[in-house]
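Shared between the two complexes below is chain A, which has chain B as its partner in the first and chain C in the second.
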Partner chain A sequence: MRSLLSADLYRLVRSKSLYVGMVCLALMEVWLMKNSAQGSRVVEGMEYQNFFSFTMFVPFGTAAFCGLFFGADLSHKTIRNKLICGHTKGQIYLSHTLVTALATVCFCAAPMGAGAGYGLLNGRIFTLSSEALLGYILCSLASSIAAGALAVLVAALFPNRSVGILVSLLAAFVLFCGAQILCNSLSQPETIPQFTQQTLGENVTIYVPDPNLPQVPNPDYATGAFRIILEFLWKFLPACQATQLTMATVESFGPLLLFSVLFFALVTLIGLSLFCQKNIQ
Partner chain B sequence: MEYVLETRGLCKHYRHFNALDSLTMRVPKGAIYGLVGKNGAGKTTLIRVVCGLQDPTAGSYTLYGKRWGERGLAQARRRMGAVVETPSLYPDMTAVDNLKMQCRVLGLPDNKEIPDLLKLVGLENTGKKKARNFSLGMKQRLGIAVALCGDPDFLVLDEPVNGLDPQGIVEIRELILKLNRERQITVLISSHILDELSKLATHYGFIDGGRMVREVSAQELDAACRKCVRAQVTNIQALVWVLDRLNREYSVVDDKWVDIYGAVNISELVGELDKEQCQLLSLKERDESLESYYINLVGGERDG
Partner chain C sequence: MGNLLSANFYRLLRSRVFYAGLLGAVGVETYSLLSKCRGIRNWDSGLEEAFFFYPMLVVLAMPAFCGIFLGAEYADGTLRSKLAAGIPRWKVYTANLMLAAVVSLAFSAAAILPGLALGIPLVGGFHLSAQALAAYLVCSCAVGVAAASVSTMLAMLVPNRAVGLVVSILLALALLFVGQSLMAALLEPELVQESTQIVENGQVAYLTKYGAPMVPNPNYLQGVSRALCTFFLYFLPTSQCFTVAFTTLDFPWLLLTLAALFTALTTGAGLGLFVRKDVR
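Moving on, here comes the complex of A and B:
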């Protein structure tokens, strides 16, 4: 296992996709922070100005990186060299997972460094306490590493590198969209005001909320078991965690970290069992 | 005899296809074992299973005395190297980097053997050229060099001369012979280019439909393939008496035909047969090559 890790790290430091990914994510972070300065939250802390928005985009970088890095082992069949000399599929999978986790840390560090540098140069500061800031940074890393585990799983299942990258990016995109839908669904108010019709002039009719009428239940408000499931997914899925981190609305760091670890462990276990059954060509 | 690899009733089933069907074989230590079979016979599947890329569905195999599933098999695998189908290389790395990578995989970070390996396979002057820019022959040789990392004493080569030009074929053949003679490396080599294989192999395994049809040594094959004259006579017993009297080596094919080995003096044979009131009906010269031996063997088994 140690020798496999040593070999994969040797490849990692020579991997162009790692450095390209880091540069792209750093530029993305600066661009997002620059745009946030034009909004209404200029006076607030840097953490509210898209500083943690990189957590939304790191899974895309990790998906592409995994497809290229792990996919190369499968599509160029170099994985055979590892199996022939006695390494198991499980060891190979775990080694790739660890290397991907390290690459993900680099992918997070690059935009954090670039964002902080850009913010400080423009006179912005963090307004959160150092404990809270540390919590955000740790949760960003944990969430991104958990998303990386999913990218490893997808890359491991597809022997064709291009297909693997495409599926991995699609999975990241679906999770990203799913997180936005989930966020929208959970932020719905339980009740909504009733509207009354008002006529302006001869031809214009508008509907306005009537404060004199009692509020009615919101049909889009999720209730019961469905709401419990949505709330669980909101905490459990890395894309949802990334949305919370981007909006800087994390209430408690402990559960978020725990769910990231659980997601990582679950996905890695599933990936291990599937990969160990896979026939290598 | 000591065997590097033994398989017993090895089976590999894919959904609706039996790639290996109770295959049993033994590769003696120090041999160049030629695995002969047409496309789809199961050669590559056998190699994949033996190399640990795929698990057998049933049966078992033993590598250096360690049975499949035993704890010590991973350690035994470190004594083998393989090139399965195409060489497994990182195309964006140089020859040296590919070898460094394999040394790390094997836990040999000092890279001491890399210059010797490159020299052995004739790639010492490739410099910073990436593996993707190598010719097919160079890739094949680099693949063998990667397989030789860690100084293995069992080398598995699957169709190593496929797609190579004549010069490349000669280079690979000489390399394999050199490894076998100078480093005492046991080689399992699969090919359907029988003429090429006959220049290398000391043992043969004929595989068809996922089954081992026959295992023979090169000496046994030479004996089976040597030149002979097939004679047809009216009285087979008379011919046998005559051949015994003339002290000739022969083998009775059936009740009409006899194979006579060595040069035959036809006048003398006809004269001796005449004394026994036996007529020579026909004579056919036979020169069985590995190819015709294989076709007869596989065809015969199928007919049977």
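Moving on, here comes the complex of A and C:
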């Protein structure tokens, strides 16, 4: 295991994809923070100015990194040599997971450093308490590492490197879009005002809320078991956790960290069991 | 050229990525219609509110398709065989570009047909004039062809299939965010209602002075910056798709002209570089 980790780390520090990913994420963070200085966000803390938005983009970086870095093990047949040397598939998978976790920490550190540097140079500050800031940083790392576990699973299971990369990036994109849809569904109000139609001039019709009429149930408000499932996914999926971190609306850090660890453990176990049964040619 | 096209289409009809893309187009269009149909019926809007989202999918699907399908020419050594058989490089490039353009149109058609079949019974017809509807349909196809052109260029210039795939998909995603920002910046109104900012206990609120005269919006772009933003909005396929999707296409002819210019520029650059490239 130590020799596997040592070999993977040796490759990691020489990996161009790691450094390119870090630079891209740092630039993205600065661009997003630059665009956030509008409206109420000007007087709010840096946490509301897209500081934690990198958590939404790190999964794309880890998906590309894992596909390129670990996909090479399968396409270059390095994995066969590792198995011939007597390393077990479990050890190989765990080594990949650990190295991905380390790469993910680098992917998070680069935008955090760039964002904090850019913000402080522009006179922006965090309005969170130091405990809350530490909680946000830990949750960002945990959520990103959990997303990285999914990228390792996809990279390890697809023998074709390009198809693995495509599936991994698509999964990251689908989860990103799914998180926005979930956020929209869960933020719907339970009741909505009734609207009345008003005609302004010729061919112009507008709808205005009527305060004299009672509010009616919102048909888009999720109820019952469906809402419970949505709320569970909102807490469980890394992309949803990233959306909460971006909007700085995390209510308590403990459950979010717990769900990140649970997601990481579950995905790693599934990946490990599938990879151990995989026929490597 | 005929042989190259014939071989490409023979492979295309047996490509699982192509059929996955078609299914994806059907899925995205169906989801878009089903999620918006209630709102369209409630607000008495037209089908166009949910119909034109497929160019966004095409802009993302083309880099994936070209990376996998055309990238295989390098990975499997087919490109070397074609060149050894005496086929000029420009013909190889043009045949691949034509295939990619057809695939982009197929992805658009795969979204349009179920969109019409499902959308008309669900929410009724379009509220656009026939001329505007035709403009949107033509522009959506032009966006797809422009995306196909840049995807072909990247797939033909990056010899490592995996790297080419990552570069083209991530570039498309990044440019989609740029497109969204351009769209948001250009949609800012010129005049806004005057409001006062109130900060209490870290909470920010705005007190709008209704009835007061409108004041200039500081976020409204003017002059050169507005002209540049408008140019890039209509020039890049990743921002063109937003103007089509949100039916904010004010200048269809400008979009068609700039899409043609974008296609010509990327094809010219791609061809120029590919002809000089050292293909191993």
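Annotations for the structure displayed:
Assume the second predicted complex is superposed on the first by the 275 of 281 C-alpha atoms of A that agree within 3 Å, B and C clash if a C-alpha of one lies under 4 Å from a C-alpha of the other, contacts with A are read in each partner's own complex, and residues count from 1 in each chain.
Criterion: contacts are C-beta pairs under 8 Å (C-beta built on N, C-alpha and C of every residue); 3 or more make two chains touch, one makes a residue touch a chain.
Every value quoted in this text rests on a predicted model; they were computed, and no experiment measured them.
Partners chain B and chain C, once the complexes are superposed on chain A, both fit on it without clashing. Of the two partner chains placed by the overlay, only chain B lies in contact with A:Ala7; chain C stays clear of it.
Of the two partner chains placed by superposition, only chain C is touched by A:Ala64; chain B is not.
When the two complexes are overlaid on their common chain A, residue A:Asn35 makes contact with chain C while staying clear of chain B. When the two structures are aligned on the shared chain, A:Thr78 is found in touch with chain B, with no touch to chain C. By the document's definition of touching, of the two partners only chain C reaches A:Arg161; chain B does not. Put simply, if you stand at the Cα centre of chain A and look at the Cα centres of chain B and chain C, the angle between them is 90 degrees to the nearest 10. Contacts of A:Leu121 after superposition: neither chain B nor chain C is touched. Of the two partner chains placed by superposition, only chain B is touched by A:Asn279; chain C is not.
Here's the short version: in the overlay, chain B gets within 11 Å of chain C at its closest Cα pair.
Common to the chain B-facing and chain C-facing surfaces of chain A is no residue whatsoever. The part of chain A that touches chain B in the complex is made up of residues 2-4, 6-7, 10-11, 14, 72, 76-88, 279-281.
On the chain A side of its complex with chain C, the touching residues are 17, 24, 28, 35, 38, 40, 43-45, 60, 64, 67-68, 71, 75, 127, 161-163, 165-166, 169-170, 173, 205, 207, 219-220. Of all residues in chain B, only 48, 51-54, 73-78, 80-82, 84-86, 88-91, 93, 97, 100-102, 104-107, 109, 146-147, 150, 156 touch chain A in the complex they form. Taken in their complex, chain C has these residues touching chain A: 38, 43-44, 60, 64, 67-68, 71, 75, 161-163, 165-166, 169-170, 173-174, 181, 197, 199, 202, 204-206, 219.
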